[in-house]
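Per-chain residue numbering starts at 1, and chain names A, B and C are given in the order in which the chains are listed.
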Amino acid sequence: MTRYKLAGCLALAMAAVGFIPAGMGVAQAAGTLIWGMPAETDILDPHATGGWSTYQITYQIFEGLVKEDLTDPTAATPALIPGLAKSWTISDDGLVYTFSLREGVKFHDGTPFDAEAVKFNFERFWDESSPNFYPKAKAFVIAYTKWIKSVEAVDPMTVRITLTAPNYQWLRQGLQSYGQPLMISPASVKEYGNDGVAAHPVGTGPFKFVERDQGVKTVIENFPDYWGKKALLDKVIFRPLQDPATRVNALESGEIHMMSPPWDEIERLVSEGFVLTTNENVPFINYIHLNYNFPPMQDIRVRQAINMAIDREGIAKEIYAGTARAEYGMLSPGTDAYDPNFKSYSYDPEGAKKLLAEAGYADGLKMVFEIPQYGTGEIVETWIQRDLAKVGIDLELRKYEWVTYLGKWAGGMTPDIAMNEIGWGMSTPAWIGIVARCDTIAPNGQNSGAYCNEKVDALLDEAIVTADPEAAAALYQQANRIIMDDAAFVPVVDDMQPMMLAPNVKGFVNPPEDWFDLSIVSIE
Amino acid sequence: MTAPDLHPHTDRPRPASVTPMSLQGGVPPAQRAWRLKSFARDRAALAAAIFLVVIAVAVVFAPVLSAYTPDEADNLARNAPMGTAGHLLGTDQQGRDMLARLLYGGRVSLIVGVVPTIVAGLIGLLLGVLAGFFRGLADQIIMRCLDVIFAFPMVLLAIAIAGAMRPGVLTEVIAITVVLIPYFARLARTATDGVMPMPFIEAARAAGGSSFTILTRYVLPNVFSPVVVYATTLMGLMIVVGSGLSFLGLGVQPPTADWGAMVADGRVVLRKAPHVTVLPGLLILVVSLAFNFIGDGIRDALDPRTIRR
Amino acid sequence: MGAFLAKRFLGVLPVIFGVSIVIFLLVQLAPGDTATVLLGPQATEAAKEELRRALGLDRPLAVQYFQWLGRVLTGDFGTSIATQIPVLDLVLPRFVNTLILTAASLLLAIVLGYGIGFFTALRANSLFDRIATSCMLMAGSAPPFWLGLVLVLVFAIDLGWFPVSGMEDFAGDGGTMDLLHHLVLPAVTTALGPAAIIARIVRSGILDVLGRAHVRVARSKGLQRRDLLRRHVILNALPPIVTITGLQLGYLLGGALLTEVVFAWPGLGSLLYDSITARDLPVLQAATLLIALAFVLANIAVDAINAMLDPRLREI
């Protein structure tokens, strides 16, 4: 009996050895792009996830009524272009949006896209009274849905959406990370259930989902019946490779075609012929929330001192190897309101020390800094720790894995915590309100440090109903100035999204957004 | 160096082979002296012991030996190779002095190797002796519970426990202690079995000694020595297991260094600055090796069966 | 033999029951609120409360345990929190991959361990013996995750002989050779530690037998060296060796978990690591349970082989 068992095990192992590569081996089809990603993406359901790394996949599979044009690397902010709606009108009072839908569009499962499909999707992430409602989706698409008063299918190819109040950033707000109102095939949701979308994502995009082996790969392939310009690639394989050294080696050995490079390897890889692309307008700031509930932080001199103690230029140059820009304000890059020349507190450790002494902390100050755990080590955070040590602030780094961290960050800091950090942004200037308004103080929003200045809220309220983009931009810039005069945050650097490409990758555009349009890429 | 049957790397001890040792517990003092001499005759064990003392002293006096603190960084001298002026062993990805980090990091690594082994040794000793002395239901409950822990590969359970809790040195220590207890308990239980039929126990009972007296005066001292031997042989492995947990990010948190975490830090620059990965790993290897030599030496010295060549 | 196995399987049932309790309780150790993790940070307190009720998280722990056990027994481990994919679909293919790595490592450890142990014993105290013994000693004390990195540094990065990580080359054409190519470094990394111990035990086992009276008698009778080794030495030295090899299984499995992380080998170890990083507790539970079960079964197999070799053991 034992012998049989052993033999059985052995046979199993042998069969596995022979079978698996035969089954999973991927022939080098012309036009397969393999992307080495720094982390496994999460839920492939655009309504029910908030991670931008997941949108790097879902953007290829799903589309919304309106899209961002990600093919222009020089744009300051991605233009809004027709997606599944071929055109739309906005009523003069800014309340009623009427979308004319594109005809002849098919989901990957062959079912047609029409007003009923749009209605179904809105019911899923917005309408709590509908049987199709999915609470989890509502929790994620909330920034978009909280403005909606009603959704009607006027005729099979027309949808009318009425807002509760005018919002000139509303369309743009639907295209950010944190839940996107993209169109999922109603038939697929009915077949696999709301939770099943993640394993069976069916959209209308230029690529369709093939398979996913969590932690190993996610595969999408060319959708031949795409309504628009068809993708050039046959297939894209997303490979999560957490370890940066592994990614570098895989790129060099030709096992992957693109990746975000570890900063310390950029110079060498470029000298070997790999191609580095960056974009200055990516909506992504790495910044620190200062906690107003931490008593010493209520003194503006302490907040200013922290701002002055950190050598942003040094961090951008030495750690990011030039792929980041020192940031002094809280307006997201990649928006029409962003001003790259905005300055607030420059590096001045002596001045910081003096301010701390004036505030009564000449003998030093102890603080706790909550941070997420990074695969690459806490290299920026320990730099900040050392910079603050130089002015007499003893900073304790308290590290949490990402999911727990995100919960803590979104829940707001307790009074014993001095600061926490995050890196994000949006291609709408209204983002500044998400992190800095009185009514978005955590847990009601992402103002994790509980900063509140009524003047900022008033300016942002005015900006959102201002139809003229230039006038709106001026208002956003005023709010930014007040926030930094208050030294409410510590903006550190903007990440310029370095992507390292193999020389045979053609047509890749690094756009002012956190995800890419892979339909225009090809492999030589 | 010959007795093969109680190697630290075995996932389960083989208590049967330990029993003979415990049989000759409670020997006259003269014989103990012989053991010490015997240990000293084992040159490898002696050299290892001296080496470990040197490491321990170096680690304790890290501030004296290093011109740097482990967290201070030279932002302009990152990934400096070994032999760089001012940085004998180079710097890491953040420009921190490798020598300083190895010295300070050794404190954590040694603690994680030694403390859980001692704590688990004491708890396991107590559980094993109680089970072996009182038998019956207590014995059944204790040993069946331990069987459950035995059903996990040691490293898996340590990872799972540390992974479920918050990362930190205490988590690491607790995780390793928990997985080690059954090994010690089973050893102590078997050793107690060996002691119980001894004539001196019988004699003590006849003389009207209470359970407590017999337990503390006669049983414990005799079971103690195999547990000590086993603990020594396990410390080397526990340094490796502990550094593995740190390597996975379940142990010390930055900027604190320990050797396992340093290996993990070095991965990012494996190609550019291999010394950041290689040096701490080499230290783990050598220290673990030294503990193994000492463990072997002590066992040989205590075990009369050992034939010296 | 059948009775022996039946007894062992029966004896192991309460242990497996205990294992399930430990794994269930493990998750209770975890900080953080399941409802928050599932619904995301923007969820309202009411929604979380509703989810807790729906999941039975408001029930007593014991009730929760039996509900969980009932689901597990029907193969329902829930869905992954990180990706919303059914856990069983995730875990099973990974388990096969771990088996491949473990089987290859075990094979390698046995071949290396027995080979080196055997030859060093025959040439005890020679230069070859000393060098080989020291090398194995070092390999046995080296942390496996570090050894893996050093092997990568030398054989993958510097020499370029083997791939750095993974189980297949997505850009290549796959096939068994591709798998074997990817398998070499992880298998060597995992096998070296156990091989060192096996070599050491085999060496002293054979030396021990060589010193025994009957062997000396046989030798004095002028028996051929080969026959002597075959008939008297190997068989007599074998039973404890099999036991020790069996004992390496735990070490091997534990080592494989770390090796998988270093080499991004898509097995249960890297899944376990990912699930810890992502707080994906259902996956953590399933992976841990599966490895523990495999370990328990492997131990029974080892006992059975021992019992086959030494019938006296069957009576225990």
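We take it that a contact is a pair of C-beta atoms (placed from the backbone, for glycine too) under 8 Å apart; a residue touches a chain by one contact, two chains touch by 3 or more.
Since this is a predicted model, take the numbers as computed values, not measurements.
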Between the pairs A-C and A-B, the one where more C-beta pairs touch: A-C
Furthest chain, CA centroid comparison against subunit B: A
Length of the line joining the C-alpha centres of subunit B and subunit C, rounded to whole Å: 22
Centre-to-centre distance between subunit C and subunit A (centres being mean Cα positions), rounded to whole Å: 39
Cα-centroid distance, subunit A relative to subunit B, in whole angstrom: 46
Interface hub residues of subunit A, defined as touching at least two other chains: 243, 245, 249, 373, 401
Shared-contact residues (touching 2 or more other chains) in subunit B: 166, 249, 267, 270-271
Sites on subunit C at which at least two other chains make contact: 31, 157, 276-277
Interfacial residue positions of subunit A with respect to subunit B in the complex: 243-245, 248-249, 262, 264-265, 268, 314, 318, 373, 376-379, 381-383, 385-386, 397-401
Complex contact set, residues of subunit C against subunit A: 1-2, 5, 31-33, 36-44, 47, 79-86, 89-90, 93-94, 96-97, 99-100, 103, 156-157, 160, 163-176, 178-180, 264, 266, 270-271, 274, 276-279, 301, 304-305, 308
Touch list for subunit A against partner subunit C, complex: 1-2, 5-6, 9-10, 12-13, 16-18, 20-22, 24-28, 32, 34, 40-45, 48, 50, 135-136, 139-140, 142, 178, 195, 198-199, 212-217, 237, 239, 241-243, 245-246, 249-250, 253-256, 373, 401-404, 406-407, 409-411, 443
Subunit A-touching residues of subunit B, taken from the complex the two chains share: 71-73, 75-76, 78-79, 93-94, 166-167, 249, 253-255, 264-265, 267-272
Of all residues in subunit C, those that touch subunit B in their complex: 14-16, 18-19, 21-23, 26-27, 29-31, 125, 137-138, 140-147, 149-150, 152-153, 157, 193-194, 196-197, 200-201, 204-205, 207, 240, 243-244, 247-251, 253-255, 257-258, 261, 272-273, 276-277, 281, 284, 288, 291-292, 295-296
